[in-house]
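Let me give you the structure first, and then I'll get to my questions.
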C-alpha cells in the first residue's frame, strides 16, 4: 500500500460531518511500523457538550486535537509522561459557553486548559481598548479581549490523512475562519503531522488574508506545560540573546528567570520577554527540562516566522494551574496598540499567506536532554545572554 | 387529495423535534403541478453546529429557512440564479457562538450572511446606549446592540404545511419569542408561503405583545442581494417620493444613489433613507435589476405596515461582502433613542398583534423586469423623486 | 432487594453520557411502596436545544432537575398543583444562548424561569462593578452580573441512585464546577432526595474551594412560586424576628409586607429583607400559603448555614411572571462590595467544604397548612416581629 489515504471528518460547505470514528493500523493493514490509532469523538455533557476531539496515538506519542476549539492541542502523553497541565478549568469547553468579554476581557480563561493554544488572529495579548474603523469608516473604540478569538472558533473543515512510508505519517488538517462583514478575514489552515513511533508532532499553520484589503495580523503559540516537566528546580533552556522582565513583578526574580520554583499558592504570574537566537537557517528551540535533566519538552520554531518570545511562569499551587508557558510569537503579548507602535503587528496583503512551522517533541532521557542542550549551546556559540534588570522600552508598556 | 397536510417539526412546549426529514411531491402523490421538495436538516460542525435549516424547492424557486436563526431566509436560487450574497461569514452561525456585545455592539455581524434577516423586535439599527427602566423601576443605561436580538433566537415552534390546490401551496411557519422577566415580551409568528412552480415567496409575520403592559416595537427587513443582480451598472428601481443621504459619506454620491458600482475594495458603506410612494391600497415594491435589465429581484410590502425604507450600498471587494440591502421597515435604522424622538418607534398594546406582509420574487427576463418598472412608474404617476443633497433632520441624527 | 442501585448519566472525566433513559419502580420490581419513575431526556429545538433534564416522580410529588442549568429545579407538581411559576422566558434556556453581560448585567434573566435556582458562587445579587485582583495581581474593575454564574454552568457529573427502604429513596446528584485560571475554584455537589410517596424534596449542597488559597463565597436559593400558591390574599408565613423594606419602593407597602396582591400589570418588584428566627437546632422555615389557607409550599433550611433571607414580591400581570420568591441565603442580594463591607461574604479556606441543607414540601390541605403555622408560632414563642418602617443600614445600600 503506498497511496495516501484520507478521510474528511468535517466540511461545513459540503455538509460532511462524522460524529465518531476510529482508524487503526491493524484494521488498515498498515501496522508494519507499529500500532497507531486515530479516534474522532464528540464529547457530551457539562461544558464539553458538543466538543469534537481527535486523539492521535502514533504508538509512542499521543495527543488530542480539538477542532471545536480552533484546532488547539489539548494534551498528550509520551512514554508514560503526561504532556500539558492541570488547569482549574478541568474540561474542554465548548466556545458556545464562553463570553470573552467577561471579567474585564479575561473571559477566554474559562476555556484555557490546552497544552498548545493559538492566540490571535486579529489580536492577542492583554485585554484593552483599541481604535478601529467601524462600518461607517469612523474611528471606534473596541474592546480587544485576552488572546483574541481564534481559540474559540470551531474548524469548518477537518481531514485525516494517513501517508504510507517508512515510517507512516499521520496528518490532521483543520481549517478555521475568523471572518465577518466589516472586519478582517482570516483563513487558517492547521496541519498536524506525526510519524509512527516518533516522539514529535509538527505543526504547519498557513494564515491567509482572504479579503480584498490589507489587514493586521497577530499570532502567538501559548505552549503550556506542568508536571512532570515542571517542578521545583526545573529550567528553561533556550538560546536567549536577551531577556527582560515584563514588569516590576517579573523584575523581582530576574536573577532566576530561567529556573522554576515548586508549588506556591497565591503566586502571581511572572512574564519574561526574550530575544531568542537562531541558527543560520532561522531555526531555534526552547526546552523545559526537569530538575534531574532526565526529561524535557521541546518547542521548535523558525525565528523568521515567529521573532518574539514570552516565558510565562505560573508556579502557583498544585490545584490552581501549576504551569509555565513557552510562547513563540509574532508579537509580544501586550495590548495591540503598543505592539503596533513598536512595529510588531504584521500586515497581510490581500491573498497573502503567512506560514508558520512549529514542533513539539519529548526528550525522554538524560541523553536526549543533553543533546538538546548541545543544540542550544551551538546556537549561542559562546555568547552570553544579556539579562536586563528592568523592563525595557522596546518590549514593556510599563517602561514607556 | 384536497385536505391540508401538516407536519410539526419543532414544538418545545410538547417536546416535538424532528432532526431530519424530506417531504416530496412524488412520494405524496402530489406532483401534478411539478416536483417540489421540502427538506429539514440539522447542520453539524464548525460554527453551524446545531443549526436547523429547511430547504424549500417549489420546482422553480428554492430557498432555505433557518429556524435556529430567528426564521431568517438564508439564500435561494431561481432559474439558475443564486439569490443572496457572499458574506465573509461563510457559514450559518449558531446563535450560541454569537456575542452581540462584541466589537462595540457589532457582534451581530458574526452571523450576518442571510438574504432576508429580521432586525428587532425591541430595537434595531445602530448600536448605542438607551435608557430603560430596570427591574426596580429606575432609569438604567443599557447597550442596544446592532439590529437587536431576534435574528439570534431559535424558533420554538416550526411547522410545514402542504395545501393542495392549483397549484399546491407550500408553507413553513415558525414561532420565535423574544421575552424575559422585566422585559418586553414579543411573540413572532412567521409564515413563509410559496406556490409550486412560482418565482415568489411570500412572508406574513405577526408580532404580538403577550405582556400585560404596552411595549415599544421596532422591525426592519434586511433584504440583501449580491451577484448576479448586483453588478456595476445595476440599479434600484422603486417609487421614491423622496431620498436623502444618511450621512456625509452617502452624500458624496447622492447623484448616483440609485445605481451601483463594481468591486471596490475598501469601499465604505453608503446608506440612503427614502420615502417610498405606494398605490391606493398601500402596496409598494422595490427592485434591484442588473445592468442589462434582464434580471431583477423584487421586494414587495405594504407601506401602512412598513413606512420607512433604507437602501444600503456595500459594493466592496468580491471577497468582502459585495452586496446591497433593500430594507423596508417600521423605523429608520438609527439609534432607538433618535427614532423614538422622531415618532418612529411603535407601541404595541397588551395582546395587540402587528401583521406585516412582505414578498420576494424574481423577474427572470427583460419582459418581467419591464413589467415591474411599469408598476413602479404607475405608482409614481409622473411625479419626480425629491432628492435631498444633504442629510435631513427628520431621518438623520447627523442633521440634528 | 436491599442494595443501593446507581446509574451515572454524565461524567465528563470518564466520557460517560446517557442521552435518554427511564427508570421505573415496576421494571425494577421495586413498586411495593408505589409507582415511581425517573426519566432523563435531552431537549431539542428552540432555546432549549441541548438542555438535559431529569424528571423525578415519586408517585405523589414530581419535579424536574436541570443538569445543564447548574442543577436547578425547574418546576414540579404535587396532588395536581403546579409548583413553580410562569416566567415570560417560557422554555428552559441552554446557557450557550445566554450572555450575562447583556442589559447592563441583567442577561441572566433570559434563562430565569426555575422554581429553585442557585445564585452564586463567586457572587450573587444586583449587578455592578467590583474590584478584584487580575492575573497580574493588580486591582481591576470587573462587572459582577446579576446572581452570578452558577445557574448557567452545566453539571459535569450526574448520578441517579435508588435506595431501597421503607419507603424507597430516590436521589439525583450533580457536580458543577465554577472554576478557571486566576479565579476562584468552586466545586458544588448537589444532592436531591425524595422518598416514594412523599410531598417533599430535600437538597443537600456541598460547596468546596478546591484551590490552594482562600476564596470568597456567596450563595442564595431563589425559590419562586406563582399560582396556585400565590394569589390575591396569599400570605408568607415565617418566624420573622425583623423585617425591613429593601428600598423606598418596598417601603410603600411595608404594612402589608407579608400578604400578596392579585395581578397588577406594571407592578414594580418589592423586596423585603428579614432576620428569620430558628429553633434551638437552627432549623427554620417559610411558607407561602393561599388565601384560603388550604394549600402551602414550604421551604425549610438551617439558619446557621443560610442566615439571611429576602422576600421578593413580583405580583405583576399574569403574563409577565406573577411570582414571589422566598430566598434563604448566606448574604442579602445586594452588590457584593456592600455585602463584603457588612461582613456577609463568606471565605472558604483551601479544601474547605460548606454544606447547605434545604427542603421544599407541599402542605396540601388546611390541616397541613395549620401544622406549619404552628411550627412557625412555636419558633416565635410569642415574640412579635420587629417591622422597620424604612430601609435599615445593616441591610440596604440606600440607607447608607
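Brief remarks follow.
Going in written order, the chains are labelled A, B and C, and every chain counts its residues from 1.
Following the convention adopted for this analysis, a residue touches a chain if its C-beta (ideal position, glycine included) is under 8 Å from a C-beta of that chain, and two chains touch if they have at least 3 such contacts.
No experiment lies behind these values; they were computed from the predicted model shown.
For the pair chain A and chain C, the fraction of shared interface numbers is less than half, so the two copies use mostly different residues to meet.
If you lay the C-alpha trace of chain A over that of chain B, the rotation comes to 120 degrees, to the nearest 5. Centroids built from CA atoms put chain C at 41 Å from chain A. In chain B, the residues that touch at least two other chains are 50, 96, 99, 101. By the touch rule above, chain B contacts chain C in their complex via residues 10-13, 15-17, 19, 50, 52, 67-68, 95-96, 99-101, 134-137, 140-143, 153-158, 177, 179-183, 185, 210-213, 350.
On the chain A side of its complex with chain C, the touching residues are 41, 43-50, 87-91, 94, 96-97, 99, 101-104, 106, 109-110, 112-113, 247, 249, 263, 265-266, 268-269, 314, 316-321.
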